[in-house]
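My questions will all concern the structure given below.
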Amino acid sequence: MVKETVKHTLKIGIIGAGRIGKLHAENLVLLDKVELKAISDIYVENVIDWANKLGIKKTTKDYKEIIKDPEINAVYICSPTNTHAQMIKEAAEAKKHIFCEKPISFSAEETFEALKIVEQHGVKLQVGFNRRFDHNFKKVHDTVKNGLIGDPHIVKITSRDPEPPPAEYIKASGGLFMDMAIHDFDMARYVTGSEVEEVYVQGASLVDPVFKQYGDVDTAIITLKFENGAIGVIDNSRKAVYGYDQRVEVFGSKGSVAIQNDHPTTVEISTMQGVYRDKPQYFFLERYKDAYVIESREFIQCLLQDSPLVCTGNDGYQAELIAKAAKESLQQGKPVKIEQFKSEIIKP
Amino acid sequence: MVKETVKHTLKIGIIGAGRIGKLHAENLVLLDKVELKAISDIYVENVIDWANKLGIKKTTKDYKEIIKDPEINAVYICSPTNTHAQMIKEAAEAKKHIFCEKPISFSAEETFEALKIVEQHGVKLQVGFNRRFDHNFKKVHDTVKNGLIGDPHIVKITSRDPEPPPAEYIKASGGLFMDMAIHDFDMARYVTGSEVEEVYVQGASLVDPVFKQYGDVDTAIITLKFENGAIGVIDNSRKAVYGYDQRVEVFGSKGSVAIQNDHPTTVEISTMQGVYRDKPQYFFLERYKDAYVIESREFIQCLLQDSPLVCTGNDGYQAELIAKAAKESLQQGKPVKIEQFKSEIIKP
Amino acid sequence: MVKETVKHTLKIGIIGAGRIGKLHAENLVLLDKVELKAISDIYVENVIDWANKLGIKKTTKDYKEIIKDPEINAVYICSPTNTHAQMIKEAAEAKKHIFCEKPISFSAEETFEALKIVEQHGVKLQVGFNRRFDHNFKKVHDTVKNGLIGDPHIVKITSRDPEPPPAEYIKASGGLFMDMAIHDFDMARYVTGSEVEEVYVQGASLVDPVFKQYGDVDTAIITLKFENGAIGVIDNSRKAVYGYDQRVEVFGSKGSVAIQNDHPTTVEISTMQGVYRDKPQYFFLERYKDAYVIESREFIQCLLQDSPLVCTGNDGYQAELIAKAAKESLQQGKPVKIEQFKSEIIKP
Amino acid sequence: MVKETVKHTLKIGIIGAGRIGKLHAENLVLLDKVELKAISDIYVENVIDWANKLGIKKTTKDYKEIIKDPEINAVYICSPTNTHAQMIKEAAEAKKHIFCEKPISFSAEETFEALKIVEQHGVKLQVGFNRRFDHNFKKVHDTVKNGLIGDPHIVKITSRDPEPPPAEYIKASGGLFMDMAIHDFDMARYVTGSEVEEVYVQGASLVDPVFKQYGDVDTAIITLKFENGAIGVIDNSRKAVYGYDQRVEVFGSKGSVAIQNDHPTTVEISTMQGVYRDKPQYFFLERYKDAYVIESREFIQCLLQDSPLVCTGNDGYQAELIAKAAKESLQQGKPVKIEQFKSEIIKP
């Protein structure tokens, strides 16, 4: 039934025209079989010119106009996290497919409720774990999946931002685990193809005292135990002065697969002082530029072909459960088991 | 006078809707302050749907309709090489700025005549040496220009295609030097900031006998002597089975700067058999994808701001003179001096 | 007093002529101001020819002959671990300087007792943490010490063997932490210049069930908390099929320093299938060949110049305390604090 | 007959105890089945202590004492180039096997005469092209020989010294081609397994005017044409400020094989300013330390087993013929054919 509506061209509406909403908009207008029809923002006046230039027909302050529009097949939810769950429910009830930025909510219970409604209405929901669509990370995933390194034994993820967000943002961010490491929790599940059973956190506030002030940490080493027997570790920092540091390594019974950072150029300069090359790409907009394009392209293709999504609501939910356990581990100073999975209930 | 016409939005027409014409079209439609108004092709019926999707208003079999269109400020000449010189003349006379694919013609004399007319009419002409806009090559150029490696002593350029073109194409290509090495001759001038005085070629036909059949070679080592005292070498092959091989190294009194190829990913797989990574990007469309975007962006900016072009008609002419001398060197088996420069006459 | 005996040429005796004892012997004979006078082994008959070829004057079944020899200034203890502590005591009482392979003993108490006697007799004791003398690891240490990366925040050590030892060896090895990770505990202290306060282990038996059988693990992720506020992680495996994997990364407030593995060659082969290079050096004899030479050279220099050792008895003791805590953490499934330091008592 | 003399232990004498003579001595004393019996030098008084420490029995001012010693099976000729040919003749007549540093002489005729005498007396002669025994270069050779890259099409050799020799040395060096590029001519033959037919040189004096003063160049690009159809290029500089630059690449019908320089460490330091690593090994003593060891080991093994040498007198002769042709090409400004090979006469 939903399937019937997506015959020729998909009509899309975007809720939230901040940086990430605009990024998705500019990628969507270049895709075949897609019309980006509408965009909403509470400060819509700031984006009207930009929307006109892109040929977006409708701009509005009220996201409900997008959800109620009978022509629109799918919505992108790019508004602040605390609005996601409510909008997901409304969109699902209006039979729209949904792309939602991560995390779905700051509360695993709230996320679970939203996903149940998505399931009841038979719409598709993709969560914005953009790194699954990165050229490097995807090839690591494929290499493991194809058995080239045998059974995974050890997974190592490095994930460091070039600079901390503003204090204002930190306060409302949900903390390091929900805001930043959540991508790494998803990556751990994605590259191993296994659920996480237990997590232990060693955290510290070494970058800026503001994190401590808000009960947060800026530096962490997170140990993971997987259902398939593998073990893993994530290291996070809010400030890598040399740029965005995004690496993963999976070590297994038949070998290992690892990636290095992307750099703006391959230039090497050799002088009397040494050999120099570029720092890594500065931050996620540079590093994941192509990943964002592919993320939307794959979402659209799955809608058009009614095929399984690469990254589902359940993926968002599981990552939140790990983030929740990580926070508890930090507070309690000991390993914490991940809550019993309810994934049998939530099927994308 | 010409300047006055480019106040707000530049209107562009493209002549020739083959692979490269379409590539430029798709890049132009995304640029600010540009309207891609028209495209012509002798088989225009094949591209009408594609042109409509991109919002190009006019499609035509006859390139003269583009040149005569009084609204159009600049034309892209993407038709076969043997048509370039004539179209340049007509476009210049019609007061259009010109972007022309390389080479301008197969005859240095014909190129010179075309460039004189460009100069007489005060229009700008950019030649399609796309590699000048590549992230890697540009940084080599900048590093040398900024004096980081001192005076250049040795320049080394590797330029190998992944596979030879069809026999049909080889026959009409103008030969290895005019068709393929011409990019490398331009690169040699670009990274050193110096003219080439003398060239010596050691060539061979090792890849496919069809090259020999057409009096051509498929493998070459080309020695260059520069006006500034530096010496250089280009090595070319029509067939590098591992993919497009595009590297440069400039060695000087204070150090060296070198680039490696771009690869699709940074993935490394370590097994009992060895350590593996991706082959380089397959060919020029993959390697220079971003360079083509920047090439047009810079051309448009120079038109809008009436500023000097990065790559002029004279750059095209000089590269052709080197190609001509290279062909003579191959035939004569000895070094050949480049013809006296006429660059004082041709100012872009 | 001890100092007086080492005026011109140092006379050395080696206890234990197994693989590592012979390695030290072959390095010692090439050093200036050193005479390797004697070697003992319970199967001395196997090494007499080899010793003659090297010009070693005395060979004996009885290590006491070495310890009692009044000409000998220093002894190398290269016998099995369970003999180290007793031999250290006897050598110290005989006023010999001591080089002892790691670990000093399988019991922190026993090690402590041996070190007290070393201290009482004023002899020097160097423990065989050969990696401190490796070209790569030493430069990481120096880079951190010189402040180039600011305050250390995160330390990551990868340490994987190419293949597990024989079952016989595993049984008597003292377990992963005392036998293998002890090098990494020392490396963690060496590169950060800080003591470890707390350790948490996530271990698994994924390589071979024999480890489980002996109450051991073959795969581990070990989280460390340092006195200076930094946090760290070690990952260990008994079997990396691609070869010995020995890397470290220190990430700090001003940058990071990291090493890659050494490879037998720098050769890269590019074909239609991909780009290949050598696996890392196979195991510690290949990787640390030069480190063993430098280890002895530095030990001898410190004796000749009466200068502080790079790697002391206390360094051996501290690493054993961490290994002990790691074993407890694995058994208890929670983080364990390192025992109160007694380093004020033990001064090298 | 000669074979009979080398039953158990080879006795060796070295002529010339300069830097390279001493290097060979220190390597030889560590080899099995070898006794370094004697060393001669016109300033023998400077090396007597060093020789005693190494256990060399005989030291003398007169090289003839070595050649006449009936116990000695083989001699190393490490004296200045202008003495090599005469000593080779005398040694051959005395039935000694010979290791001779490169070049054999400054005159192809003189070299030829010496090699004829070597042949007449049935002794073996190895020329000191140490790079054939380097881990990297040897693997390139093996990769080509095993057919992994198919038929060689293009060979590229980079060979740059870190700093020019003293003016005194330059004057008597025989010039860039005979002194420095001769190693590269040999490398070209070694990695391709083919003779060189023709050479063309583009040279310049950019590093120091002293080279011009002595009719020499300090910078060169040398094009080679091989018998097997391949073409090649060598680039030389007397001064690479970042250190010794020694690379080779062979490109063929099925792929390519290339090496990078060796570096003292694999350390990478990432800061706000960029990513840094070590310069290459400083010069040949660092880069080829192990190659010198293997060079002697292989020479000794070939003598003991009476097996063919890796690097013969004819290899020395051919490289000299190419050097001679290169010099002529530089003087005449055109390609020069290599003199007809006389290798049928000279068999090692």
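When the chains are written out, they are named A, B, C and D in that same order, and each has its own residue count from 1.
By our rule, contacts are C-beta pairs under 8 Å (C-beta built on N, C-alpha and C of every residue); 3 or more make two chains touch, one makes a residue touch a chain.
Please read all numbers here as calculations on a predicted model, not as lab measurements.
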Touching subunit C and also subunit D, the following chains | A, B
Top of the farthest list for subunit C, CA-centroid basis, is B
What is the distance, in whole Å, between the centres of subunit A and subunit C, each centre taken as the mean of its C-alpha atoms?
-> 43
Distance between the CA centroids of subunit B and subunit C (whole Å) is 59
Which positions in subunit B touch two or more other chains at once?
-> 241-242, 254-256, 270-272
Name the graph shape formed by the protein chains and their touching pairs; answer line, ring, star, complete or other.
-> complete
List of subunit B residues in touch with subunit C within their complex = 241-242, 263, 270-272, 274-280
Which residues, counting only subunit A, touch subunit C once they are in their complex?
-> 151, 153-154, 156, 158, 160, 200, 202-204, 206-207, 219-221, 223-225, 229-233, 235, 237, 239-242, 245, 251, 253-256, 333-335
Residues of subunit A touching subunit B in their complex?
-> 30, 135-136, 139-140, 143, 148-149, 254-262, 264-272
